[in-house]
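Chains here go by letter, A, B, C and D, matching the order in which they are written, and residues are numbered from 1 within each.
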Amino acid sequence: MDVKLIQRLIKLMKDGEVFELELEDEKAGSRLRLKRGRPEAPAVPMPMVHVMHAGAAPVPQVAAPGAAPAAPSAPEAQKPAAHKGTTISSPMVGTFYRSSSPEAEAFVRVGSRVELDRTLCIIEAMKVMNEIKSEISGEILEILVENGEPVEFGQPLFLVKTD
Amino acid sequence: MDVKLIQRLIKLMKDGEVFELELEDEKAGSRLRLKRGRPEAPAVPMPMVHVMHAGAAPVPQVAAPGAAPAAPSAPEAQKPAAHKGTTISSPMVGTFYRSSSPEAEAFVRVGSRVELDRTLCIIEAMKVMNEIKSEISGEILEILVENGEPVEFGQPLFLVKTD
Amino acid sequence: MFRRVLIANRGEIAQRVIRACRELGIETVAVYSSADADALYLRQADETICIGPPQSAKSYLDIPAIIAAAEVADADAIHPGYGFLAENDHFAEVCRSCKINFIGPTPEVIAALGDKVRARELARKAGVPIVPGSDGAVEDEKKALEVAQQIGYPIMIKAAAGGGGRGMRVARNEPSLVASFHQASSEAKAAFGDGTVYLEKFVENPRHIEVQILADEHGNIVHLGERDCSVQRRHQKLIEESPSPSLTPELRARICEAAVRVVREANYTNAGTVEFLLARDGSFYFIEVNARIQVEHTVTEMVTGLDLIQQQLLIASGERLAFKQEDVRWSGHAIECRINAEDPEKDFQPSPGKIELFVPPGGPGVRLDSHCYSGYRIPPNYDSMIGKLLVHRSTRDAAVRTMLRALDEFVIEGPKTTIPLHGSILRHSDFRAGDHDTGFVERYYGSHPAIPVKEPR
Amino acid sequence: MFRRVLIANRGEIAQRVIRACRELGIETVAVYSSADADALYLRQADETICIGPPQSAKSYLDIPAIIAAAEVADADAIHPGYGFLAENDHFAEVCRSCKINFIGPTPEVIAALGDKVRARELARKAGVPIVPGSDGAVEDEKKALEVAQQIGYPIMIKAAAGGGGRGMRVARNEPSLVASFHQASSEAKAAFGDGTVYLEKFVENPRHIEVQILADEHGNIVHLGERDCSVQRRHQKLIEESPSPSLTPELRARICEAAVRVVREANYTNAGTVEFLLARDGSFYFIEVNARIQVEHTVTEMVTGLDLIQQQLLIASGERLAFKQEDVRWSGHAIECRINAEDPEKDFQPSPGKIELFVPPGGPGVRLDSHCYSGYRIPPNYDSMIGKLLVHRSTRDAAVRTMLRALDEFVIEGPKTTIPLHGSILRHSDFRAGDHDTGFVERYYGSHPAIPVKEPR
């Protein structure tokens, strides 16, 4: 194994933000193991901000160091981790409506098939009804927001099993 | 495996922020293991305080995070790491003298044998001449303080090769 | 008084407004871009709403997103802070049409003062000296040469829609004027979409003096004295202080009174600042009105003991000023150093990233307004100011000494900052003597400021 | 003025003295035990010397070590801070014999005021009311019963050499007096090596009022007004404020004047504090003189704008006070909360260890004196105070509001602290009304303080 190779591997790791790489060969029986992202604990605990409609005054509370992985930007943190599927997030802040009027049918329900450009919901912002259209096709697994609820930018709205 | 190779590997690790590298070859059965990023390490870098007779105003300077293990209490940090031997440290703050008077012989020199309770030096504090006696026996390898220099608590005075 | 205020800003000024609201018992709604999701000050708000991605245009400058957030959160007023939408008359207008109180002057006043030609006209009507120059826009180089002939060189060419030094040129003779005229105009066109320029007499080595004003909606106006912001680099303020070391009591009275006349003429309401150039001979000239709270309002807070953000909230909710001009008391001397995450040794390029260790100074006479902390990651998307370090002491000399020890105490590990530069400026004999002007920084700390090695104390 | 001052203390007060010296251009020598080797404030000193192991007796209380350090470092004065050797007349005497200036009163004055019986005698001579009691030491229980008969129950038994609540007992009848007399005496013997006790009338639910004094070596004495330290737990102050909400201007004038008379009678020099009990009926009684700078001197600094540590240094170097009594100006209201690393829910047991994240509050009206920072390890060897959070606002109500928001902002991750307790006290209606006394904390927050859940703002 020559130094050049190691050098290239390190560069690859650096560029790819890989923090762990194992490699066996045994004359190409081969074995490789890569880990990306951040290594174990962040050096200083990244405070988790509890967001959205705190209601009463928020009690200062920082995640115990190492207790949680680094908090990603807050709304995304609310993704239900257990589910498999693709999340469709809100592109804006506003009020979420499932139908075009209180009397009308909901655009989609759990189990609905959605295609590209199909209207999924409406988000009202500044009295404007913005139709939110699908950018993927698949089946609605879950609707994550109640009708009439406020949503913020990046908040997950639908869980979709893509085709 | 030669020193040059190791040297180059260390440099690669340093530049590539690799903190762990394993390497097997067994005539190219091969095996490699790299870890990048920070090691577990202290959560917040412990600032190293540069102490003792700063003279001019100290410029705030913290050791680069991860560059050094947590700083131990300062005076001990000045122990010459390379030497093998036991250090005899000052039990008090004061002025270090190698002999009982300017005309007298030094209590010990490099190469002197010292026994338990043999006087090694004098530390003057509040006009009192405190004889510092050896608590170990062995041979003086090095005298770490100049005659007449101030010393603080815990500052290494002698390096001794113990029996 | 308002029940719930939305803060349409980020960083230290968002935190500053939250503090003022909490002290007045007002609920707060903090909006943030996804780049700011980790900021600690968000925890101090009663509600937080992510309004968009890191790019300002899609978050802090996105009017529909901010108004939607105010509607969803049921806020009855919006504080714009400084920068972003603070002097955007359209935003103030949208707030009004949505029946949300905009904490600042009316859209009409913002629009009038935002146009430098109209602002000069207002000052003239108020009987306040303005820098001799063209009466309004100068259309072509022929006209420019005529005007220059009248007022004499050196001449400053300025963009009507300008700010921050862009679209500004100095000409010392006719050929230079012709070239500069076209450069300034096209630069202004590119930067502001409006190539209109005007000419002014260029005042050599002036001091920058500005007067803080509070005006309620019932016609009461008070000034809170001046700030001296002569320590600037490329028209960006670095150090501000109050009182100014270069004003006599008589001159102070005249300049403050002039400021009051300008805002009265403009029908101004809420907190604002009237900026002046002070020439070496003691003559002063109106430059512009900043129709918002300024970064350096804190300096005035220190010497008057007033909370200007609380005053803004009180005024915007329709209350009368609780004090008159003669009740305002000034004490001691205050200095502010803007701590920017910039590398003074690399032409002040921004130095964002993670702050490994953040140990702010403290003790007597020291105030810090900062949203930073150990482990905070400065996002690369916004301006580089990470804190305002202030001191308040009985005399200017004592304030300088306190600032020097506070700067020395301040530990910021990770990004490069302007802390060493401030230390150097505060040790400079010109600054110590109060004998500096707006050219001071470029003169001594040009593009490659040689920061002198720290002298022994 | 001194050239080089050695600071014989640690933590926030060591940092406080370093700050004052730096602002006066005096070099500093910081001594430290090996437990404090990592403290950041050491970097602000011109020289640092390790004087011993963590145990106080072998470091901060070790007179030969400190004197040796002063000699090695060629310091011309020693500032003792508070606690440790601050009121040790032997230490002051050793300094004198070594020709090192001790920054504080003379050894003779420290000795006289350190003996409570002699101190009472001084106050009596100065015509200042003292709590009715035994004229000096009470030898046996028979004498104790006689004295009690004269002055009436309830009776307080106190150690002549005491402090911090040790050797103190209250008796409400004869049997209780007999038992308490012996308990107090043996407790005092154990704690201070001196079992001498005296008796006093026990003033029920008093306020603790103390007056800050500055006295130069030329006979000039000024008072800087009072501090109200009625929020105490087991005689440990938790919250201090100035002015006191329970003094009328007339009463304030009388009590401050009484304090001046006591220190004049004692030939006092340097900064000191005269402590009084204030009864509900407005009568006040001298308790003792603290012959040192106190933890809460900062409160007085906020309302007077004076730097008391700088004043100490000036006075000790032989200068005259630069101002007279009539020049002292007070403005606004200041409150201090002592932030201790203690767990209020576990009977205030100390909670040392590593501070993972330390984000101090800031903004208008806020001052923090603390030597802590993110990553700092609080050693278990010393007292648990990790910072003093102060606010200064125009009114008491505004100060309370600012303190509440500052406490809410303050993030200390790792050790438990008294921050939630302070928040609860400041929201308490008795405290808000200024209607609390030294029994307030025990009454509402006994050994298991039920800290009410934070009310909605």
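Observations on the model:
We take it that a contact is a pair of C-beta atoms (placed from the backbone, for glycine too) under 8 Å apart; a residue touches a chain by one contact, two chains touch by 3 or more.
What you are looking at is a predicted structure, and each value in this text was computed from that prediction instead of being measured.
Looking at chain A and chain D, the chains in contact with each of them are B, C. Seen from the Cα centre of chain A, the chain whose own Cα centre is farthest off is D. Between the CA-based centres of chain A and chain B the separation comes to 50 Å, rounded to the whole angstrom. Once the centre of each chain is set as its mean CA position, chain B and chain D turn out to be 41 Å apart.
Between chain C and chain D, the centres computed from C-alpha atoms are 42 Å apart. Chain contacts: chain C has residues 40, 44, 356-357, 374-375, 408-409, 411, 457 touching two or more partner chains.
Residue positions of chain A touching 2 or more other chains, listed in rising order: 43-45, 47, 56-57, 60, 65. Those residues of chain C lying in contact with chain D across their complex are 15-16, 19, 22-25, 27, 40, 44, 298, 301, 305, 307, 331-332, 357-360, 362-370, 373-375, 394, 398, 401-402, 404-405, 408-409, 411, 457. Contact residues on chain B toward chain D in their complex (touch as defined above): 42-47, 49-58, 60, 71-75, 92-95, 124-126, 128, 150, 152-155. Remark: chain C residues 31, 33-35, 37-40, 42-53, 59, 64-65, 67-69, 71-73, 94, 98, 356, 374-375 touch chain A in the complex. In the complex of the two chains, the chain A residues touching chain B come out as 1, 3, 6-7, 9-11, 13-14, 18-27, 38-41, 43-45, 65-66. Per the touch definition, chain B reaches chain A in the complex via residues 5, 8-9, 12-13, 15-18, 21, 23, 25, 28-38, 40-41, 43-45, 65.
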